[in-house]
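Naming follows writing order (A, B, C and D), and every chain is counted from residue 1.
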């Protein structure tokens, strides 16, 4: 299981979360990454934690003021990127292009989707993984794996049918080790989470609990 | 073969094109539809031609000022709709939702895509058909079926692998009966075209030529 | 005072509302217009009511699939259009261009804005009127003219300073004749409203009350 | 005169340009700043050059994955930000909000506009400066100050009429010291440029020429 912590634009101390993530990953032997804002990537990567971008633009070099070029986030230390998060949706064409340019620059890619049908669609574009996150559960207290386990298994079925080399992650409401274990039982290869760690009083304790049943 | 004529925002006489399309369809026994601007749907449908929308919003009832509700275009006489045309791209989530609401209101749906990978992705959302239209060829003089036949056959392969009940259309540069015949040979069930008819001096002659080899 | 009823994508009978608006306008000698979905413009205009578009695209002729060309809505019977409604926001450049093409096609224009600063900005683009509608009050029961009268007077001040030939409308929460009278007292030349009429059990009665104190 | 060099997503060595800009600014006693991609801000700011963001999102803390929070770019070393560049247009409401949050975080703001009318509109939102850049001239060889000097003087007039505390910058095609001098003569307080420096074989020489007539 891979645990990816999205810091969004939360008022958290990104360096403190990154350091905790690095240490818990080392201690538990579990893969944990942190995804900060683009302007914060270099600082977070300097901690030694695995660092991901929250988004990349579907562009390479050129006249693209205010964009997030995949090569620039890679230079800043990112090794992977989310694409099409529900808070940063892209057109189908842009998801396709962003994934392609990200891969060309050595970034791993996880494309987000709201439901199993969209997960299957995202898989057809050839990312490393697809994350299914029902928007209604994002930011809530109930994990998708308990609230609606069929969404996860249906996403695994839809993705596998299109391309069985694409992993499935699940997100929305994940906050405990039991949530992570439930996701794994349903066929997920990883979890996406945000507030459960980024807003925790003790991010290290939250992460330690999260990976306790892997 | 199904011939769908997209009038875009061209300075054509939409009623004249619609009437020509209706008559050629009747004479040749071929399915031909015309897709005008939303505000022009009722007038075009009144001619008796099969009428499609160029776009629908991913919404049903509600506070959606300036949107294009699927039920309203159906009321105005549309029996189908394009979704995600390259000039009106939608997010993956919105394509999914627009297709769903359109189908709920009895509209046939064709989702547009730039390339075979996106065509496969679009097929996973369950539309009636997917149209592959390379943006570089749109509006040009060379048909995708002659310029790059692999795009059409690869799209057919990609779509069939995901859902073999989804038809494949092709577009971009289609303007002659030979283009339509070539598309059919490559596995397409229909063609999308625009300027070849909408900007023709004689739309009726252009349409007659288009369906001459079906 | 000008009363503009935005039908949004509400599940109302647009013809019934249009007919009621036409009759109340005639009886009371007040200017009332109805703004339906683009695909419904022709049908609404046929009732004889003053008809407005909810939105126009910043384009004229061309390859603009799925757009709303100002000339097409004018052909369908619209005599004016909202631009930049809070449910259909445009970029600054597109507001400027949409207003220009709308005016070139004989449409009156009202540009919407959230607050006095944006109202002043909108006025600099030269529309016929600016409508100030605080997003937090839209769809609610409390009129902006009573909830926050300073927004209306500040908008009038901001607009007048930039271009005193531009009228100011107010919207959000307007549902009674007292709301309309209060708006007029604050310097507004008209009101924008939606649910207060479109969702009323008796639109005719709602409109009659609305114009009772003008 | 203030010279702001926008690095866009160009394939330039941002550190080399930043170092050259710092040194030329020091030698000539002219204010020069460099605006890199968000992920590159910290590295550029470390050179000691005045550093600007190319864009900020209209948000503060919260669930905004993939956004560019003003406070985060300020933490990374930016002291100002462009808003609404023609390659990153925002809605009127978002320009207003982005400017407000940027100012709350101590960032200087320059709002871009295509023409004098939009410049006046942008001024009504209270930024530190407005930059007028005709899209047709961006990236070209001809400076707006020579190609169409009326645009600059009209922008100064429009902005001054709305708020005379707002400075006017001009951009598009600026590449020589004569261009900068012409801009100053027309009333501009600064210039925005990109390719003239970022794509120069010798950025230091290009900058030295640019500031030679100030």
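Here is the rule we go by: contacts are C-beta pairs under 8 Å (C-beta built on N, C-alpha and C of every residue); 3 or more make two chains touch, one makes a residue touch a chain.
Given the structure is predicted, the values throughout are model-derived calculations rather than measurements.
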{"item": "Number of hops, chain B to chain C, where each hop joins two touching chains", "value": "1"}
{"item": "Reference chain B; chain at largest CA-centroid distance", "value": "D"}
{"item": "Fraction-based call for chain D against chain A, same above half, different below", "value": "same"}
{"item": "Between chain A and chain C, centroid-to-centroid distance (C-alpha), Å", "value": "43"}
{"item": "Inter-centroid spacing, chain D versus chain A (mean Cα positions, whole Å)", "value": "33"}
{"item": "Approximate Å spacing (C-alpha centroids) for the pair chain A, chain B", "value": "36"}
{"item": "Contacts with two or more other chains, residues of chain C listed in rising order", "value": "86"}
{"item": "Chain D residues touching chain C - in the complex, by the definition given at the top", "value": "84, 86, 89-96, 113-115, 117-118, 120-126, 158, 161-162"}
{"item": "Complex interface listing, chain D residues touching chain A", "value": "6, 8-11, 37-43, 53-55, 57, 59-69, 72-73, 75-76, 78, 82, 85-88, 138-139, 194"}
